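For reference, the structure discussed in these notes is given below.
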């Protein structure tokens, strides 16, 4: 099995403050890799580099995927667009016609558990967990082959979190998507992912990478 | 033991959409009550009513405390102020002199695990978990007798979350503070609180309220 | 025979009562033979005139003599054809006691257009009467008669220096509002007394662009001749002249008509008026040489 | 619901009327204090307005000035928005254009009206003058709007490879409108004043001519009548064009506005 | 670090110089195309400026105009900020003041300069005129700034019972400055133009007088020299006063600006 993502000696600093002190990581194609590590160690920064939003200072990044979608730690919804329009926004890159955009966005919102009434709400009218799910829907709707999710389930109650786990796992398994997910919940990591990568405190290195026995069996 | 907070038949709706359909709740003075419930059921709304930020449509709210401090679900930091100044901002109501403000804010930031360098950073230079801790520090620094925390530990890694649990428990026990904390993590709730109140899906009612056996023993 | 005009000529008047002469000159049809289709219009601001001169769109236009000299000296090719009006500047007063320049001592004078000819003329006659313009009177400048008149009528200042038709407009408005004001001093009289040449200040006339003059001397001659006749006609038919000019000038006909006796209408070719013009320039230059462009214009400035 | 309906319909009109009434009262007080020569009364002004309207003076002048003001405003606002957005996004462009904007704003019209008349004879000189006043004010607002956009939202949009149109319409425009609207309101109101002044200087007709004529014959009632015409048009344009547009653009801020 | 230093020091000046050079080139081209009567050359203007400076004409006129412009601007900006903030926070106040602002913006100065001259004789008439132009533009920006403040931040501040001063300084001001700065820049630049025009109308001295005198004798070189003085002062004021202030106020946006 080839690797969807290879990082070699990736370094990064904000100004003079080093955050990533040489990250070596290979993410195999297909399946879920979870990323853990103490708060402020550089997980979000690493994801931004993987997504190409930040330029590494040194090292090598090899991306063997076509279409990545990222869900940020903050929902980052457009405050002046409804939930539906926010999800549809992600489809604008693909020049999807407007009607089709609405349809697919609406379906995806249903998948993450939002009602039709909620779909017409503006972000400030949504609860924290609902905003998080809109952001998740926005990432999923683009049908990416590489998913980058930064703490996607942190504001969801247990039941809903489990529903979202199976949604994501379902997509990963059906379409052979590779996903890299940041979480602070060890149980969650064990339940959904094939592999857990742990970062050390900043300046971060990979402190450990272990395969989860019977990955999707835990669900 | 008297109750710090009593809600009777509290109702609230956003426009025509009912969110709280008659909440009856009594929070005893001292100790921690956790509030759980599905995403979007109205927990944050309830807290806003308790804090006096939203006006109930009907029902009775009795507040037997002097000084409440609230930590919102979003950190809501002032983007143009450093972490230190954001924490110090909470002290401006008490007409605390500037030097004293800086001192107390700095100490509280240390308690939530932020370094002196981090204290001088603007919110956008902080990681998600760090912002959450600044918001927590801002709530704690005012030395309230009633603490309202909306998902205060959701973006923190396990170790840090446990540190913050003991910080909050310490304050609650030492100063006899009453706290009401929203969380989605049942284990966390069991570990830190004396009582768990569960809300039903919106329009929300109290679905259950159970005492945790040996509350602080779990730590 | 000279070539026909490429396009019909426009005779540009100044925005004041003397334009009645040009309106009549065009309306009389006397120019038709030489320049068929000639129209009469009025420029609104000196900027418009300057732009017209720069582009050559203004071929024949009324302007003050010193401005024409200034343009001439700056190489804009401006030639003075004639002088139409010979003094239209007055001191208006509320007070019966003011009759001569000397009476202005210690008074508060409201006046407009600082540094322009009216201002300079007033300073001249004050000086000749032994008054220091900066010490013996208080000069209160505003931008234009548009501000000076209402302020004066509202009680600001002891006297106001106004030229026609603002002076007449002020009188008419004052009559309506029952404010007693009167034409107290004729500046032109004072000027004439000092120069010894009579009450004659060659203030406004018709100018022509050099290029146009070269190409169509006969048109210029015809226009001048028509202006001379029009001058006489206007003095004899003041009411009609007022009506004729009212629309273009956007002033009421009665106002124009009432103002006409006070502008010393008399058309003389620039060459005939040269002595008076040069004397006028000498006087202006004694206060501010730059007003005519630093020197008196040469012979080519005077047509006739 | 009831409260929101109030906000849209009846209340704004009521309070706008209050503002206008306030001005009218001040005006009448001024008239009583200073007399007709300085400030004519409401009555005489109304009479003058009536007469002018029936004499057919108002219509054509209004049309001419409206054309000058609207034309200049549209041109100026367009240039201002484009240049300003660019300046907000690219620092160096901002550094370069800032002195240019200051020059355009700081140099009085009389200093270049002749040039304007040469370049654009007749009406276009007035249009140009209005555009020159409008553009730099809109430019400054647009530049700050583009600059102050939440960097994270832009980052998000880039991550989703939003095409330029989507970037402009979904990400930048809604944020920038909040900066642009005040500039639009201000310049729209100013455009009429500026075009009146430019009409006076360039002699191309419009309300400026009427105003100058009224002043020349010291007819203060007629002068005020022209001012009333001007202001009435401005308030109507603001109310019927700008405000509804602004309300629609800012809907997202208000909906469900029962929040504290 | 290096990049940030560039942003602050050298680069802005370089590109501002580029903008100014561009204007100068355009000017000279205009001169060559139209001749001195319309637009004097750089050389003649420099000579005229030199002469005027040494004749001691520039200094006092500049001082007078600076006093008018600065005085009027400060008064107008203050009123605009206060009234605008109030209008942004209270809907009904906004509805009431909006037509007032439009009237102030839309009525040409010649329509009320007589009144201004009666109320405020001498210099204060000019100061008043500048304030009247400044206030409504700042008002509009301030109103929108106060209106568009993140409601959640205000809610947070209220929850912490922030005293009014803290509310103003920590919550509202930093957000509003982003709306106010463009309005400040624009009105500051305009204030000089307006005060020159008002000086022309009211004859109280200052650059307006000089400009009028130069125009009266069709001395285009001297006219341009006055304009150059005006613009130079504006650019220097903007650079030394407004820009550093703005940079400090917006520091939080940029710090650590290596982010994408």
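Just so it is clear, A, B, C, D and E label the chains in written order, and each chain counts residues from 1 on its own.
Here, a residue touches a chain if its C-beta (ideal position, glycine included) is under 8 Å from a C-beta of that chain, and two chains touch if they have at least 3 such contacts.
Chain-to-protein mapping (UniProt): A, B = NitT/TauT family transport system ATP-binding protein; D, E = NitT/TauT family transport system permease protein.
What you see is a predicted model, and the numbers here were worked out from it, not measured in a lab.
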item	value
Between A-D and C-E, the pair joined by more C-beta contacts	C-E
Cα superposition angle of chain A on its copy chain B, in degrees to the nearest 5	180
Computed distance of Cα centres, chain E from chain B, in Å	47
For chain A paired with chain B, centre-to-centre distance based on mean C-alpha positions, whole Å	28
Computed distance of Cα centres, chain E from chain D, in Å	17
Where chain D touches two or more other chains, by residue	34, 38, 110, 114, 118, 151-152, 155, 158, 200, 215, 256, 259-260
Two or more partner chains touched - positions in chain A	14, 53, 74, 124-125
Interface hub residues of chain C, defined as touching at least two other chains	50-51, 54, 146, 150, 154
Residue numbers on chain A that touch chain D, as the complex places them	51, 53, 69-70, 72, 74, 76, 78-81, 85, 89-90, 92-93, 95, 121-122, 124-125, 138, 142
In the complex, chain C residues that touch chain D	15, 43-45, 47-48, 50-51, 54-55, 57, 145-146, 149-150, 153-154, 165-166, 169-170, 172-173, 177, 179, 250-252, 255
Residue numbers on chain E that touch chain B, as the complex places them	152-153, 155-163, 166, 170-171, 174-175, 252, 255-256, 259
Footprint of chain E on chain C - complex, ascending	46, 50-51, 53-54, 67, 70-71, 74-76, 112-116, 140-144, 146-147, 150-151, 154, 156, 288, 290-293
Complex interface listing, chain A residues touching chain B	14, 17, 36-40, 43-44, 73-74, 113, 117-118, 125-130, 133, 150-151, 154-161, 184-186
